[in-house]
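Both of the next two complexes hold subunit A, though its partner changes from subunit B to subunit C.
Showing the complex of A and B:
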């Protein structure tokens, strides 16, 4: 078999592996009941979609809240993660191991251990039940990914490039804008993608810190799936997938450094 | 960032802190309370798993509140009220006494007991609500929530009575009583199961077996009695262990939630499901989840009934507006609306005879969903709810003796 064919086959296998599990969700979202042993629903309906997209379900509003929180978390994480990654990737200093360990801690500590202590602190600060509180809470699981990726990016960045720019008279901002940023951009995009998706999928932290008042999509989704409403769950789940997919498509070029991977694989 | 954060916090506390003082409200007349409530926002935490209940609250209730009182109703969907009880408890521990997150919560049973025991409920105000006159507080099933006296700490919303559902296409003639059901289970291996406690509904099924083992509810009423419990419990575990090999998957595993049981029932794996609120069967048929041939039934030896309520937490910053919401929920019109089959089909918590003639006519005109057994028919054989201490003892005993 020619390598091109092989690549195409692999792409198709990967795509079906990723897409097939979503198929029942899509079918459920248009089903008016789907019971064993029917292979397909006997009655089709748009009810689940009209509820999910209607104003009283709050799904669209929740989509906006979830997107806003994930974007804000990503931007804040980048503001912290770029300098932190630079320090870890380019400088040697006392206690670097300890700092790295502390930064990594949230990635391997179970979320539930963090939640209880955090809830008490946030209550006293008046942050429980507020969007800023939830964004701050999301930074905890998001930051390790951002900092680690940025540290790796900076460790491969030759600081002499920046020094040269400064020698040639560039200001600190010009150096960052024209030399550092283009160099770290693909890495930054990868880190931002991770940050966005980690924030996007938070359930426990949002539930505890949002106190039910900040209704992100995972919360709404869980409400209907735990109530056995597979049709509405299917519709919300498909809406839930969209932004992640969109972000991946938009950033694919920056991350891989070329066009969308699948398109290349499909070229004859 | 921090400045805007601080501004946001200041704003929220300034806007919310007006009617946190419950004692001041209790000293007012109803008209003054309504005046205080105008323009307020009520965060109502309620189970959000049924789209038509959600729609009733978001469309009908919220619409009337906005139009009549300029109150904004923010329905907060939750999956388990116990989580919210914990939230309010931690707020109390953190000293949040007048700016709590929750203004109203849909609650009953063990969660109400926790709220009351922890002094987390706003109490002693319900007489102020004009529509409180529609409630028959002389009815012990309303004045007591799972055996715990309500004491003006919550307002009834719906009454429910436990019922079973079957698909007539699979089981034409369901068992008539608990003894019949037990015999049916043994005659039809693998066709019955029940959710493991502490699932709310599974625990209620256990109590039916427990009352059956005791030969009736009379000896079990009142506070917990260890000697009586031990005697009945031994018989109960014997019955449940005896049927275990005849259950779904030979009783090797139990569903953990009533949702899982409903799913098994919907797909025909088991022949029965059950629910505290028979209206749910009609809703499931309308949603296409259950077959059109689904019907529901009670037991000749009775099924347990109870009442569910709305409660205002002690630290709600919008108590006046929350009281107006409760008063509206109790009104004849609102109770009639949710009793309609196509809206929800929930049985009223008020005395229909005390409402206006129009509302009474409305109730008389309601046609029950064919899959839902009429409340009046179920009520012919009703059992009282056991007190919460019995509940916890039964659940614990089941885990040690049956579910091990």
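Showing the complex of A and C:
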């Protein structure tokens, strides 16, 4: 076989592999009963969607909770992560390796390694079963990611511009507002979009710290899935991957170019 | 790079650095280290509230002497090992493919990126609907006349070899490693292999001796992350795993939520075992970081 033919075949195999697991979810969401051995549902219907988007399923409420938690986590992570990213991106100092390690560790350790202990602490602080508790827990995987991406952004920022602004009489705030922020904004936006997705995808931390009282979409999804409601599960699953799709459409060109740090955050 | 801007008129570099880093370190320390620390203390059965003030190793002895734990540990190591090797090898191929131009390349690379954003639990349920005994593949097999009833289709989910789980991780982590490798390749430029080829190296030699050593750091780091994740993730074996032996994180969760409070320290000990595996992998990746740090003034 000619090399370009082989290449096309490999590309086709890769594309099919990537899309296949999402297909049954999409089909189920429009199926009205879909029994073995039917290849496709005999009756199509919008029932699952109208139930999922209706008031009784709790999906819309859950969508609101999940979005709110992810937004709050992202904003907190940005507020704390921008300065830390600046320190790591623009300075060399003794102990930098150690600091980077501490910031990387939560990306390497699965949530289950810390969540039992965290639950004990949050229990004492009255944070178990609360939205603020879940937001704080989500910071564990989200913050390292934000710091690492911002460090990469700051390392490409030329500090001379800021020095010149200061020499010309700008205050520290004016320098940040008019010089630094515009320069880091594109990187910050991408980091924020992906930080949002990291929080959006959390399962275990929400389950343990939310204590069943904070019902985010993945918890609801698993509930319907284990109850055997494949049609509603399919509809919720499609809703749940929508933000990721939007983020990719928004950032498509940056991802391959921006280096490894971006992708690393999407572990948990 | 202690530069001009860093030496502001009001603050020394040290103070400035401390101020910049303090919020992140305090927050992560307060959440991550405290969570890990308390898990560790409780794994030693140190719980003053319950009158346990003498730390001991009883929980570790208990889990290490139960076959359940050892079977779960072996299962999780198998899941993580097999997933990582498969995903990494396929990702090398995918990265080399996506570096070239061919019709439809934009679509494939869009799918690779999209997949990165799909939460694991969605992928797990998708795999379940795809390869379970009444799933889409079983229906195709029926249509092709290969099977008559769902029971004749091979058991690929909730199975002893964790095939469904491994399939999910390969599906989910292949794009992750691929993107890391592509980023890596992009910074390297294109010409190294061409030079090797023009000097008479075969395709394989150019890959083995020129390209592979260059992408190895990125490959190793991303593979370590994948291993740590596949070893410690809870929701994937929750959806796709068999009842017994359970994957280690599911076993730990079960021990933690057991109505018998006596099993709590055992859950903590299992969490520590998972943490140790993660930290060991981090240590492997971190050697480069520490070595880089020594050059700092």
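Observations on the structure shown:
Definition applied: the second predicted complex is superposed on the first by the 225 of 268 C-alpha atoms of A that agree within 3 Å, B and C clash if a C-alpha of one lies under 4 Å from a C-alpha of the other, contacts with A are read in each partner's own complex, and residues count from 1 in each chain.
One rule holds for everything that comes next: a residue touches a chain if its C-beta (ideal position, glycine included) is under 8 Å from a C-beta of that chain, and two chains touch if they have at least 3 such contacts.
Source: prediction; values computed, not measured.
Touch criterion met: A:223 reaches subunit B, while subunit C stays clear of it.
After overlaying the two complexes on the shared chain, residue contacts for A:36 are found with subunit B and with subunit C alike. In the superposition on chain A, contact is made by A:126 with subunit B only, not with subunit C.
Looking at the shared chain after the overlay, A:215 reaches subunit B, while subunit C stays out of its contact range.
By the touch criterion defined above, A:187 lies against neither subunit B nor subunit C after alignment on the C-alpha atoms of chain A.
Between subunit B and subunit C, C contacts the larger number of subunit A residues.
In the three-chain superposition model, subunit A touches both subunit B and subunit C at residues 36, 120, 222, 230.
Residues 31-36, 43, 45, 47, 51, 56-58, 119-120, 123-124, 126-130, 132, 207, 211-213, 215, 219-220, 222-224, 226-232 of subunit A are the ones that touch subunit B when the two sit in their complex.
Residues of subunit C that touch subunit A in their complex: 1-6, 8, 13, 17, 19-21, 23-25, 27-29, 31-42, 93-94, 97, 100, 102-105, 107-123, 125-130, 134-136, 138-140, 142-143, 150, 168, 171, 174-176, 179-180, 182-184, 186-187, 218, 221-222, 224-225, 228-229, 231-235, 238-239, 249, 252-253, 256, 264, 267-268, 271-272, 274-275, 278-279, 281-282, 285-286, 289-290, 292-293, 296-297. Residues 4, 7-8, 10-12, 14-15, 17-25, 28, 36-39, 79-81, 83-84, 86-87, 90-118, 120-121, 136-137, 139-140, 143-144, 147, 159-160, 162-163, 166, 172, 197, 200-201, 203-204, 218, 221-222, 225, 230, 233-234, 237, 240-241, 243-245, 247-248, 252, 255-260, 263-264, 266-268 of subunit A touch subunit C in their complex.
Listing the residues of subunit B that touch subunit A in their complex gives 5, 8-9, 12-13, 43, 45, 47-51, 54-55, 58-59, 74-79, 83-84, 87, 90-91, 93-96, 99, 101-102, 257, 259, 262-263, 266-269, 287-291.
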